[in-house]
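Consider the two complexes below, in which chain A is the common component and chain B and chain C are the respective partners.
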Partner chain A sequence: MKALMSLGALIGVAGLLLLGGMIFDVVPSNTVRLVEGYMPIQLLLEVACFVIGFTGLSYMMNAMGMALPRFWQGIGFWIFLMVYLKYRVYPPIPFSVRAMYGTVGLVTVFMWVSANEEDWSKFKRPIMNVLDAQTGMNRLLRYVYLVLIPILIGGFSFNAMMPKSEEPIELRTVHPAPPASTKVHGKTYTLQTSQNPYRVNPDGKYDQEFSNANIVEQGMGRLMKPNANPWDEKNQGYLKYVREGGEIFFQNCHFCHGDNLNGRGLHAFAFNPIPANFTDPGTIAQLQETFIFWRVSKGGIGLPNEGFPWASVMPPWEQHLTVDEIWKVVLFEYWHTGYYPRTWD
Partner chain B sequence: MMDSMTQKAGIIAAAAFGVVLVSTSGYSSVSAQGLPEGFKKGELAAEPSAEMIEAGKRVYFTKCVWCHGVDGAGDGPGADRLWPRPRNFNQGTFKIRHTASGELPLFDAKKPIPGQNDLFETVTHGLPGSAMPPWEGILSEEQRQQVLSFVTTQLVKDRKFTDKQSESQTVLQLADLKPKPATDESKKRGGELIVEKKCVECHGMEGRGDGNAFNLKDDWGFSIQPANWHKCWNFRGSRQDPYNVSNIFRTFSTGVNGTPMPSFADNTSVDERWDIANFVNSLCERDPLGNPLPIDPLTDKPKINFVIPSDMVEGEIPTDLEHEAWKKAPKRYVAMGGQITHKPRNFVNRLDDIWVRSLYNDKHIVYLLEWDDRTKSVAEGKLPWAPTQVNIDIKEQDPKTGEEGSIAAHQNNYTVYNDAIAIETAVKWKELPAPIKPRYLFGTNEQFPMDIVKWEADGSLRAFKGTGWDKDFEERDNYEEAMKLLKAEWKNGRWYVMIQRPVGNKKDQDYDEDTFFEVGQYIPTVFFAWDGHNGDAGRKMAVSAFYYTFMNPPVPQETYIYPVVIAVGVVLLEGWVLTRRSNKKKGKTL
Partner chain C sequence: MGLLVGKRIFSIVALCMMVGLLLLPVVVALPSLAIGEETHAGDAAKKDGDKVEKGRDVYYKTEGIVSGAPAPKTTDGVKDYPRYNFESRVLLWFANQQHLYYGSFVLAVPIFCMIIEFMGVVTKDKALAKRYDQLAYDFIKISLTAYSLTAILGGILIFTFLTLYPAFFSYLSGIFRPVMHIYALMFVAESGTLYIYYYGWDKMREGFLKWIHLSMSVVLNVIGTLLMFLANSWIGFMMSPAGVDEQGRYLGNIWHVIHTALWNPLNLHRILGNMAFGGGVVAAYAAYKFLASKTDEDRAHYDWMGYIAMALGVAFLIPLPFAGYWLMREVYAYRQQMGITLMGGLLAWLFIIQATMIGILFLSTNYYLWQAMGRMRGAEKYQRYIKYLVFLLACGYMVFITPHTMVMTPAELKAMGGQQHPVLGNYGVMSAKNGGINVIITTTVLSFVWYMRGNKVSTVSWAKFGNIFMGVFFGCAYFNIIFLAVYGYYIPANVRVGLSVPQVATTLSCLFFMFALNSFMMKGAKQMGPIEWGKISARSQYALIMLATAFTWMMGLMGYIRSSVRLFWHVNEIMRDNSPWAYTHTVGFAANMISANVLFFWITILFVFWLGSLTAKKVPVESKAGIPGSVPQPAPSH
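And now, the complex of A and B:
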C-alpha cells in the first residue's frame, strides 16, 4: 500500500511541477503536447493522473505527520482544477464555460468534504476557529477577513458593472441536418442511396473494402501505406482517383483547410472560427460521404435555415467544380486523413 | 577545435584586424582566414542511410508532392496558384540558412538540433507568409529527418550535399554570438546603417518593402517582393519566434539564396549587424507599451480581438493622427484573407492586415484605417465599369504556369486599378436574432441588406447598398453628402485613410439602407481591401471575417454607487454572523 501510495505521490509532484513549469514558461509549454483529435480523453486521463497523485501525496503527508487539513485540501483541489482549465486547455475555453465547470467542481468538492458528519466538522473546523478567534493568530486573521471580504466583493461588483466590450459568444451548429436529397448541376442525388462513383477497385466496381485497405495509416504522420502510392503511374481505380482528387484539393481547398487538412491553410488566420479540421475525429470521420458531397456542393450559403447561424464562408463548390471533381475531392479527404466514411448500415 | 577563450581572442583579433583594414582599404570584418566575421569553417555531414531515404520517399509522396511536385521542381498541382511559389529543390537553392551566401544549408540526418540543421528547422516551423506550414506535431522528428534525407539526396539534382570537391560549409556561429542589447543607441546606429548599406533601396524608407517593388526577380525569373519589416510574423526565417532578433541577424548575415537579398557578412562587422538587426526588430508592430504582440499558436499571426472599440470624444473628431484622442484609441489588428469564395477568386492576396481605430461623437463615427501596400495605385483614365458594378470582367487566373493569364505571368504585370477600402456594416442588425449575421460578402438578400462605404484611391468616397454577393451595388440617395473623407494619404508603403459617417437615427436617415450605430451595442462590421497593382477590382479583393464595432458608452453613475452599497451590506452581514456565533457559544439564543 505504502509503495503504491508513494508512487502516486511521485506522480502528483511530477505532474504539478510539469504543469507549473509549463504555465510559467520554465520548461517549453509544449513539453507534454495535446494530441490533436484525442484532446478530451487526454485531458480526462491527465486529470485522473493528478487525482491519483493527490491521493498519494495526501497519504504520504499524513504518514509523515504533516497532514494537510481537509479544508485546504478541498480548496486546493478546486484551485488546481480552475488553473488546469485556464492554462492547460488549448484553444482556451471562454470564461462562462469555465465558470460552469468551476461550479460543478465546487459542488463536487463540497460533496466530498461533507460526505459524513466527521469529515464535515473537520472541514468547517478552520472556519469556526477563525470566527471564534481564540488565539492571537486567528484574531488577526479574523480582522484581515473582515476588511478584505467587503473590499473584494465591492471590487468584483465594480468590475462587473464597468461597461465592457468583450467578444459576444457565438454558437453554431457543427453538423447541420442534411436534406434528403440535393440537386447538383441539374442532377438529383438522394443522400441515403448515393455512392461515391470513384470508390472503386481496379475493375471499376464499387468496393469499400478495397479503398479502406489503401487509405493512409493512422498514427503519427498519417502516412500512405507502403505500396499504395497514389502517384504510382500504374494505379487503376481508387488510388488513381485519390491523386486526381488531391490535385483538385491543392488547387482549391488547401488555402483554408490546409496542407494537412487540419484547417490551418494560408488564409485560415483571417477566419472566425478557423476552417474545419478534417483530421479531428469529430468532423468527416463522423459523417457519410454523401453528407460531405452535399456540404461541398452547396457551401455555407446552402445551409438550411435550421443550420443558422451559418458562420461558414465555404463556397458552393458547384460554382467552381464539376460533380466528378467534387466526388474525387471527397475521396481524397478520406484517404489523406485515414478515416473511413460512415455508412448507412 | 578552439576553446571558447581562444575563440573570443580570435574574434577580437579579427575585429582589430578589421579596423586596420578599414583604415587602409575600406573593406572591413574579414578575418585572417578569409572568413567573414562570425563565421567558421564547418564539415559536410555524412550521407543519410538508404533506409532513411526510402522511408522519406513515403513521407514525401503523402505530404509534400502536392506542392513541390514529383521531381521536386516546385511544380506540384498546388504550385500554380501559390505566391510565393513552392521551392524548386533541383538546384539546391535554399533561403534560410546558417551558411554563407550561395552555400547549401546545414542538414544532418542524424542531428535534429536547432541551430545546426537548417532544413530540419524549416520543416519543423514552416515558412510563415508562404503556404509552407509548420510540420511539428504532424510529422514526428524522425519522419521530418527522413523526408529531408529523400529531398536532399534524390530531389536536389544539380548539387550534392556530400561532395567535398564542390561544396563547402562556412557556418555562422550564432550560438556563440551574444545579441547586443537593443539600446536606443544601438537602434539609432542601425537606423543610420540601413541607409548607408542601401537596405532602404529595396525595403523602403520605413521598411515596408515598398522600394523597387517591381524590378526584383528570383533565380527562376519570378517576381519577388522585399520583406516588410513591420510584419515580423511573416518573415520566412522567423522560426515561429518572430520577435527574436537573432533571426534577423542570421538572415542579414547569410543572405537569402536565390533572391536579390545578399549577404552582408563581408561588409559589416558583427557589431554593426546586431545594430541593424535591433533596428529592424524594433520596427515590428508592438502594443502601446512596446511589448511584442501576442502570437496565436494556431495561426502564427497576431492574436485577434474581434471587437473594434470606439471611444467617445466631445465636439469635433480630430483629423490629426498625432492628436491625443487617436493616440489613446485602441488599435485593432484586422486579419485579411483573399476572397476565394466566388469567382473571380483572389488566390494571391497582397493585403493581409488592416489596423483599425475608431472615435465617435454625438453625430459621427470615424474609422481610421491603416494598411501596408507596397504601391500606390490609381487607375489611369476612367475605369471601364461603373462604381456600383460588382460583376465585372475580371478573369480568374488559369492554374497553368508560363501560359498567358497564369498567376506567374500576371505577377506585377496587371492592368492597374484603384487601391480601395470598404467598411460594410449590417443594416437592421437589431432585427437579426442574437448570433445571426448576414452573409459577409455584400449581404444576403433584400431583407438583410448591407450598408457599404467604399473609398477609392481616385479620391472618391461612396455609399452603397449590397443585397447579395452576385448583385451589383445599389446607389444610395444623397447619403454621400453626409459622409466626409477626413484623410487619405499614401506614405512610404502605407495608406492612412480616415472616413467619417453619421451614426444615424430614425429621424433623418433611411432605416432600410443605413446602419444605425448605437452606443453599447455590437454592430457587425466587415472590411474589404483592394490592391490596384494586384489587379484587384470587383470581387477580386481581400476580405476580413465579421468584426464588431462597439461604441464604448460613458460609465454610468450606478457603477460607482452599487459596489459601495454592496460592500456595506457585506459588513453588516459579517457583524450579524459574528454576533450570532458568539451568542451561540455563550448559550444564548437569538
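And now, the complex of A and C:
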C-alpha cells in the first residue's frame, strides 16, 4: 500500500512540476502534447493521474506528520483545476465553459469535504477558528476579512455595473435547424427522405454500406482502402463520383476549407469564425447528407433566422454549381474525412 | 362473523364499483365513437350527393374520408386571439404549468401509496407494516387536497384556452371531440375511485379486505394512467399530427389521431417523470418536517419518510434519461428539423441547462446517500473511497454539460480558431454525453450498494469472492461505458445511436445484478449496529430539498422545450400560430418564467401540506423488539 501511495505521490509531484514548468516556460509548453484524435480522453486521463497523484501525496505527507489541512486540500484542488483548464488546454477554452467547469468543480469539492461529519468538521475548522478568533492571529484575520470581503464584493459590483465596450458574447447556433424541404435549381428536395444519387453500388443502386466500405480510414494517417483509390482511372461508379467531387472541391472549396478539409485553407484566417472543419466529429459526421446539400446550396446568405448572426461568408453554391456537382462534392467530403452521413434506420 | 361478511360484501361491491367506473367511459364512448364517425362521414357524403371526398393522412399515409373542417387560418386580431393588455401565451403557460405540476403529483402519489401499502401488506414485521400503512394513508390524504386543486387548475386552463385561443381550441376540440368526452368521464371515474379508496381505508384494514383495498389502488392507478395517456395524445398531436390530411381535416380514424409518432415515448417519459417528481416532492416535505422537528421520534419518522420517498423517486429517476433518449430518437426520426432545433440548434442551450439539472439530481442523490451512511455504524469503511466517486461523478457531469454550441466573444472565437473546440467539442456530442450520464448513473448505483451494505458484514462463505466479483463487475462496466463512448466517434452515426443500447444495458446490469448479488450476500449478515433513524446531518435534508426543487425546475424547463419546439405552429405543419407571440422567448425570459412557476407551485403545495396537517393523526412510533428506543428499520433490502 505504502509503495503504491509513494508511486502516486511521485506522479503527483512530477505532474505538478511539469504543469508548472509548461505554464512558466521552464520546459517547452509542448513537452506533453495533446495528441490529435485522442485529446478528449487524454484530458480526462491526465486529470485522473493528478487525482491519483494528489491522493498519494496527501498520504505521504500525512505519514511524515506534515498533513495538509482538509480546508487547504479542497481549496488547493479547486485552484489546480482552474489553472489546468486555463493553461493546459490549447486552444483556450471560452470563459463561459470554464465558468461551468469551475462551478461543477466547486460543488464537487464541497461534496468531497462534507461527505461525512469528520471531514466536514476538519474542513470547517479554519473558518470557525477565524470566526471564533481565540488567538491574536485569528483576530487579525477576522478584521482583515471584515474589511476585505465588502471591498471585494463592492469591486465585483462596480465591475459588473460599469459600462463596457467589450464585444458582446454570441450564442451562435452552429447547426441551425434546416427547413423540411429546399428548392434547388427548380426542384424541391425533402431533406428527411432525399438521398445522394451518387452514393451507389456497382449495380447503380443507393447503397450506403458499399460506400462506407470504400472511404478512407479515420485517424491521423487517413489511409485509402486497398483498391479504393478514386484517382485510379479504372475505378468507376461511386469512386469515380468521389473523384469528380474531389475535383470540384479543389477547384472551389479548398481555398477556405483546406486541402485536408480541416477548415484551414489559404483564406481561412481572413474570416471569423474560420470555415467549418469537416474532420471534426462534431460537424458533418453528425448530420444527414441532405443537411450538407442544403447548406452548400444556400450558403451563408440562406441561413434561417435561427442562424443569427449569420456569420458565414460561404456563397450560395447553387449559383455556381449544378445539383449533380453539389451532390458529388458532398460525397467527396464524407469519403475524404472517413465519416458516414447520419441516417435514422 | 356477520360483521366480517358484511365488510367483505361492502369491499367487493366497492371494488366492482371501481371497475365499473373504469369501464364506464369506454362503455359510454364506444357506441358514440362508432355511430359518431359513421354519421359524420355519412352527413358529409349526403351533403355532396354521393361523392365522398377522401384525404391522405399526413403521417400514416393512409386514405380516409374527410370528416372534419380544415385547420383555421388565423389572423392577428381579437377574433382569433382575444387578449388582455398582456402576453396571452404567458398566461396560458402559467395555467398549463401549474395544472401539470399538480396533475403529476396526484398521479404519482397514488402509485406510491400502492407500492407502500403493498410493502405494508407483505412485510412480516407488524410494527413496520403499520408504519407503512400509516405512511400510505398520509400520502393519499395529501393527494386528496391536491386533487381538488388539480381540478380547479384544469378548469382555469380550459377557460384560458377558450377565452384567449378560441380558434385553436375549437379546432383541437373538434378533432378530439370523442376523446375529450372520454377524458371527462375518466375524470369522474378517477374521483369516484379515489374517494372510495380513501374513505374505505379504515374499514378495510385487515386480512382479505386489505387485499381488496390494495386492488382498489391498482384500479385507481390504471384510471389515472389512462387519463394521462389521453391528455398526452393532445400534445402528441400538436407536435407530430396524424389522422388528418395536409389541411388539417379529420379523416375519421380516432386511433390515428391519438396514436401519433410521439405518443408512446411521451407516455413512458411522463409516467417515469411524474413518479420521480412525486418522490421528490414528498421527500422535500419530509425534509422540511425533519428540520422543523422538536423531538427525536419525529426526526426519526421524517428521516425514514424522506428516505423512502427519495428511494422511490430515484428508482424512477434512473430509467428516466433512457426514456428521454428514446423520445428524442423518435423526435429525430419524425422530423430531423425538430431534433436539430432541440438538441443542436435554437433550443440547444436549454438542453445544456437540462443536463445541468439532471446532473444536480444525481449529485444530490449521491450526496444524500453518503450522508445517510453517517447514521449507520460500520459504514465508515466506505467513507475514504467517496472521493473517487466524487471524481467519477465530476468527470461524467462535466462531459455531460459541455455545450456543443459554446457561448463566447468573437475574440474567443478567433482565439479558438473555429466554432468547434478540438478538445471539448468532442464532449459536446451525443456519444460522449451517453458515456457521461451512464458513468453518473452507475456511480449512483454503486453508492446505493455501499449504502445497503453500510452497517453489515456478509457472513456467506463466498463473501470474499462476491466482493471481488462485484468490484470487477463495476470496473468492467465503467470500462465498457467509456470505451463505447470513445468508439462511437469511429463508426457511422446510425450505428453510434445503437451503441446507447449496450451502454444502457451495462448500467442496468449493474443496477439489477449488483443489487441482487448484494442482497444474497447480505442475507443473514452480521449487523455492526442499527440504522439510527434521525441521526443524520441537516445537509442531507437540504440535499433532498435540492432534489425536489431541481425536479420541479426541470419539469418546467422540459415542458417549455417540448412546447416551444413547434416554433410558430399551433399544430406542427398544420395550423400556424399567427398571434403576435409566435416567437421563441430568450433563454433568460424562459428561465425567469420557469422559476416563477416553480416558486408559485412550492408556495401553494406548502399550503396543501398545511391543510393536510390540520387533520393529521399523530403517528404511533413503535419500537422494534430488541432495539429499545429506536424505530423499526423500513427497507426490507437492508
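We adopt the following convention: the second predicted complex is superposed on the first by the 287 of 345 C-alpha atoms of A that agree within 3 Å, B and C clash if a C-alpha of one lies under 4 Å from a C-alpha of the other, contacts with A are read in each partner's own complex, and residues count from 1 in each chain.
The criterion applied here is as follows: contacts are C-beta pairs under 8 Å (C-beta built on N, C-alpha and C of every residue); 3 or more make two chains touch, one makes a residue touch a chain.
This is a predicted model, so every value here is computed, not measured.
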Partner chain in contact with A:Thr55 - chain B first, chain C second, else both or neither: second
Contacts of A:Asn272 with chain B and chain C, given as first, second, both or neither: both
Partner chain(s) touched by A:Phe291 [first = chain B, second = chain C, both, neither]: second
Contacts of A:Phe24 with chain B and chain C, given as first, second, both or neither: neither
Contacts of A:Tyr143 with chain B and chain C, given as first, second, both or neither: neither
Partner chain(s) touched by A:Trp72 [first = chain B, second = chain C, both, neither]: neither
Contacts of A:Ile93 with chain B and chain C, given as first, second, both or neither: second
Which of chain B and chain C A:Pro168 touches, first, second, both or neither: both
Which of chain B and chain C A:Tyr206 touches, first, second, both or neither: neither
Intersection of chain A interface sets (partners chain B, chain C): 36, 91, 166-168, 170-172, 264, 272, 274
Touching residues on chain C, where the partner in the complex is chain A: 332-333, 335-338, 340-341, 344-346, 348-349, 356, 359, 363, 366-367, 370-371, 373-374, 380, 383, 386-388, 390-391, 393-395, 397-399, 401-429, 431-432, 482, 486, 489-494, 537, 539, 573, 587
Complex contact set, residues of chain A against chain C: 34, 36, 39-41, 43-44, 47-48, 51, 55, 89, 91-97, 100-101, 104-105, 107-108, 111-112, 114-120, 166-180, 191-192, 208, 212, 218, 263-264, 272-277, 280-283, 285-286, 288, 291, 306, 340-345
Contact set on chain A toward chain B in their complex: 33, 36, 90-91, 131-132, 146, 149-151, 153-155, 157-158, 161-163, 165-168, 170-172, 216, 220-224, 226, 229-231, 246-251, 254-256, 258-260, 262, 264-272, 274, 299, 301, 308-311, 313-315, 319-320, 336
Complex interface listing, chain B residues touching chain A: 58-59, 61-63, 65-67, 70, 76-78, 80-82, 130-133, 135, 137-140, 143, 296-301, 304-307, 309, 335-338, 340-343, 345, 347, 349, 352, 399, 434-437, 439-441, 469, 520, 522, 543-546, 548, 550, 552-553, 555-556, 558-560, 562-564, 566-568, 570-571, 574, 577-578, 581, 585
